[in-house]
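In what follows, structures are represented as structure tokens.
Below are two complexes that have subunit A in common, paired first with subunit B and then with subunit C.
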Partner chain A sequence: MSQAVLDALKARFGDAILETHSDFGDDTAVVAPEKWKEIGEFLRKDLEFDLPVDLCGVDYLGRLPRMEVVMHLYSIARRHRIRIKARVGDADMNQAELDSLTSIWPGMNWLEREVYDMSGVVFRGHPDLRRLLMYPEFEGHPLRKDYPANKTQPLVPYRTEEEAGITLEKQPPFGPDEGMSFPRQVWQRPEEN
Partner chain B sequence: MGDLSAPTRTVALDGNEAGFATTKFEALLNWARKYSLFQYPFVTACCGMEFMSVASPRFDVARFGAEAPRFSPRQADLLWVVGTISQRQAPVLRRIHSQMADPKWVLAFGTCASSGGFYDNYTTVPGIDKIIPCDVYIPGCPPRPEAVLDGLLLLQDKIARGDRTPRILKPREDPLTLVQLGHKKKDPS
Partner chain C sequence: MEPVDLDLDEGELELPSEPMHLNMGPSHPAMHGTVRIVLELSGENIVKADVQIGYLHRGFEKMCERGTWAQVFPYADRLNYVSPMLNNVGYALAVEKLCGLVVPERTQWYRLLLGELARISDHLTCTGAMAMELGAFTPFLWFLKAREMVWDILEEETGARLTHSFGRIGGMAKPPTAAFKELCRGSLPKLLSLTEDGERMLVNNRIFLDRMENVGTISASDAIGLGWTGPCLRASGVPYDIRKTHPYLKYDEVDFEVPVGSRGDTLDRFLVRLAEIRQSIRIIEQGLDRLPDSGPINCDDPRIVLPKKSDVYTTIEATIHHFKLIMEGAKVPKGEVYSYTEGGNGELGFYLVSDGSGTPYRVRIRPPCFQIVGGLGKLITGKMLSDVIPSFGSLNMIGGECDH
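The block that comes next holds the complex of A and B.
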């Protein structure tokens, strides 16, 4: 429904809009990361996108740039919505940086902290870029695809079986894959050719 | 006080109105304990809904003398761990448990508290027995109130026996699962 928004973006920013598509009623623009903030200002002021719905990071390991930051916006005033993506970061997630949008939408504050926490994208100019969900002692960014699926970082050391006096393996009726409809599948980094 | 487990002495009084029962002092104490479990509900996730159901009139946990919640661990006997315990909460849970006065019991309510459930990842403690001792485990996601009451009765039996072994698992009569896990032979019929 927001083809007009895409057209306005293309008319205004030209080459900085790398790609657009409209599938299933959702309109998406992939933009150049340098213009992230400028485009945000344009959307907020001129097209009245007043509600930042969501911000998240998607890791496409093996593709460059590796991390895709996805922003969903909605305009309560004009009732249109748009999805904006920017691709950042090399294979080791260096230069995974974007400008913070907190000065445009104050609600972006926690969303950007979450993306920083989970994916490790740094938002330049964020007033308080700390982890949001994980604890400060946590190392790494768990939603990156190269974070090992079975790696945990307990804050409290687990009891040993001698201390507990019992086995700490799952016992019946709890099976080894309790509650899961299939056993865990561990992702393997594809062989490099 | 002498040996607490020896039977108390009976004193026979004259007169037909006076009735006496003799028991062991410890048995009496355990009987009193099992029907006056003051609970500390450590409710963190969706299982809390089922906990409310157990605590409210329809299932009425008051029938078993376990209805009084205490929101101070110092006044509680029974720690209900209801829901998912994330790694971030683990220090809190351990502190609450160590603040409770002895004798104390711990009940793992639901699959998450018992084994981590399907949260087999970086966020979640795979079962509270990794950090604190646990007395009774109630399987189910979430367990039905009947299953919870069953688990509570298991705990009461355990208290009455004076049994402090670390774990009792509520058996789950789910023949298919038990066969799949190899705990039971497949019925030939």
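The block that comes next holds the complex of A and C.
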């Protein structure tokens, strides 16, 4: 159904559309990060994608560029959907920047703040780029793959064993094996591709 | 407002005024959900509003990357804790899309019925709480009594009133109980009459109407641009309901209408929700007639679905099979998928990325009320302070879902 959207994108932007696929019926285009905003404007004006559905970051640690910013759009008028992705950031997440789309869809405001908060992608031109779900003093970006789930933040000091008067073997919130006698299956780095 | 004494020179009227800052929340008796609104006031008018969320952030997406695919169900329950069944079903459908599974007919009807029951519970909670925040306590109690009937049915079916964890990849935990149809048919008329009693009490009340009408108005194009979906968008006159526009389960086989509002104000959002309760009851009545009394409830796919308990206790093959599925998790094919259903508040989406292992690589939820609350600042800026309560109440913010 939205194959026509992919064709229109390819015809209009050519090389800036790095790859496309329609796995599981979801039409997807990976675009060059420099053209992020231009493509957004084209989708909004020419193809009537009026509903900003979702924006999120997926961290592919070990792959370059590392962070994939995934945007889902829907058109109420034409009833089609598309997924647009851009890959940004080097191994240390430098240059993980994209143009803000808040001027095209006002609903992108909070979505971009959330992606900045959780994955650390900076949106150029965003009117109010602050952390959204975390507090301002929070260090790091929790949804990156190199952020350990059991990491504690400096603002929340845990009591020492002397202070508590009891043994604190199990460190909150998770131990490495989560109290099980055998380890849980851990995430493995995907093959280079 | 015009100055009272028009003869006075404007310069004399100017008082040295500083903007007043007011914190509403994070814990405020007249707001449901933990949200903080920092308001800048000029008199009682809101000049600037900064809505801050995240007080109920529990790292849902991070936690999902640590267990198996099936272990996400309890987390999904706790996202929208007034209609957990819709989240369960939404997540199950997303994983099934990735696995290429289609659940048996009986399960599809069963999921549809349980989902509509959950939707009724969601709308009753929202409308009831909205009325209570405006001082109408009796309808709130009546709505809760009606919601209790829904929960009694769900408890009978799943064993839990609130956090059911009833969905499974490729089916449901249990088939419908023998009493399910009878329970529903007996409760729904009572539920409807309670809801109508509460509705009559509210929509004929001058005070209630004065506080609801033309408050928190939003146009259709603004609502779409903000990413609103669900009853809040439909109240602005956009008939976008995923059950109708992109039917899933058996929604294309049942007959129902999509109620829409005309003005997009708080009253419209209230009335749309009440109208949707009636439509849900209509859907359930049709679904009960169509739900088969026998037949498989789970897919026949041993790679995904657990073996029968009786086999697990008696044969070594089933024991090992069970152990592998629980400990390593069902292997979900590599790929990425976005699946969307109509939740209580709007489009509930799951974007899943699998690396082919038994653990999700990334689970992204698209909670409907996240973007709706994102539009709250726009809704209340320039309005009166007292308008915050009905406007916010009508958005039905669910903290667990909004804050991930």
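The rule we apply is simple: the second predicted complex is superposed on the first by the 153 of 193 C-alpha atoms of A that agree within 3 Å, B and C clash if a C-alpha of one lies under 4 Å from a C-alpha of the other, contacts with A are read in each partner's own complex, and residues count from 1 in each chain.
Just so it is clear, a contact is a pair of C-beta atoms (placed from the backbone, for glycine too) under 8 Å apart; a residue touches a chain by one contact, two chains touch by 3 or more.
Nothing here was measured: the structure is a model prediction, and the numbers come from that model.
J.: Is A:154 in contact with subunit B, with subunit C, with both, or with neither (first, second, both, neither)?
T.: first
J.: If we overlay the two complexes on their shared chain A, which of subunit B and subunit C does A:13 touch? Say first, second, both or neither.
T.: In the superposition, A:13 touches no partner, neither subunit B nor subunit C.
J.: Contacts for A:42 in the overlay, against subunit B (first) and subunit C (second): which applies, first, second, both or neither?
T.: Neither subunit B nor subunit C is touched by A:42.
J.: So, does A:164 touch the first partner subunit B, the second partner subunit C, both, or neither?
T.: A:164 contacts subunit B only, not subunit C.
J.: Based on the superposed arrangement, let me know which partner A:58 touches: subunit B (first), subunit C (second), both, or neither?
T.: The second partner, subunit C, only.
J.: On the superposed three-chain arrangement, identify whether subunit B or subunit C touches more subunit A residues.
T.: C
J.: Give one of first, second, both or neither to describe whether A:70 is in contact with subunit B, with subunit C, with both, or with none.
T.: second
J.: Mind working out whether A:142 is in touch with subunit B, subunit C, both or neither, as first, second, both or neither?
T.: both
J.: Once the two structures are fitted together, what part of subunit A is touched by subunit B and by subunit C alike?
T.: 134-135, 142, 147, 149, 174, 184
J.: Which of the residues in subunit C come into contact with subunit A in the complex?
T.: 53-54, 57, 59, 61-63, 65-68, 97-98, 221-222, 224-229, 238, 240, 245-246, 327-329, 335-338, 340, 347, 349, 351, 353, 355, 357-359, 361-362, 364, 366, 370-371, 374-375, 378, 403-404
J.: List the residues on subunit B that touch subunit A in their complex, please.
T.: Spelled out, the residues of subunit B in touch with subunit A are 87-88, 90-91, 94, 111-112, 114-118, 120-123, 125, 127, 129-133, 137, 139, 141, 166-167, 169-172, 174, 177-178, 180-181, 183.
J.: List the residues on subunit A that touch subunit B in their complex, please.
T.: Touching subunit B: residues 134-135, 142, 147, 149-156, 158-159, 164-166, 168, 170-175, 177-180, 184 of subunit A.
J.: Considering the complex alone, what residue numbers of subunit A touch subunit C?
T.: For subunit A paired with subunit C, touching residues are 23-24, 26, 28, 50-54, 56, 58-59, 70, 72, 76, 79, 81, 83, 105-107, 109-111, 114, 118, 131-135, 142-143, 147, 149, 174, 182, 184-188, 190.
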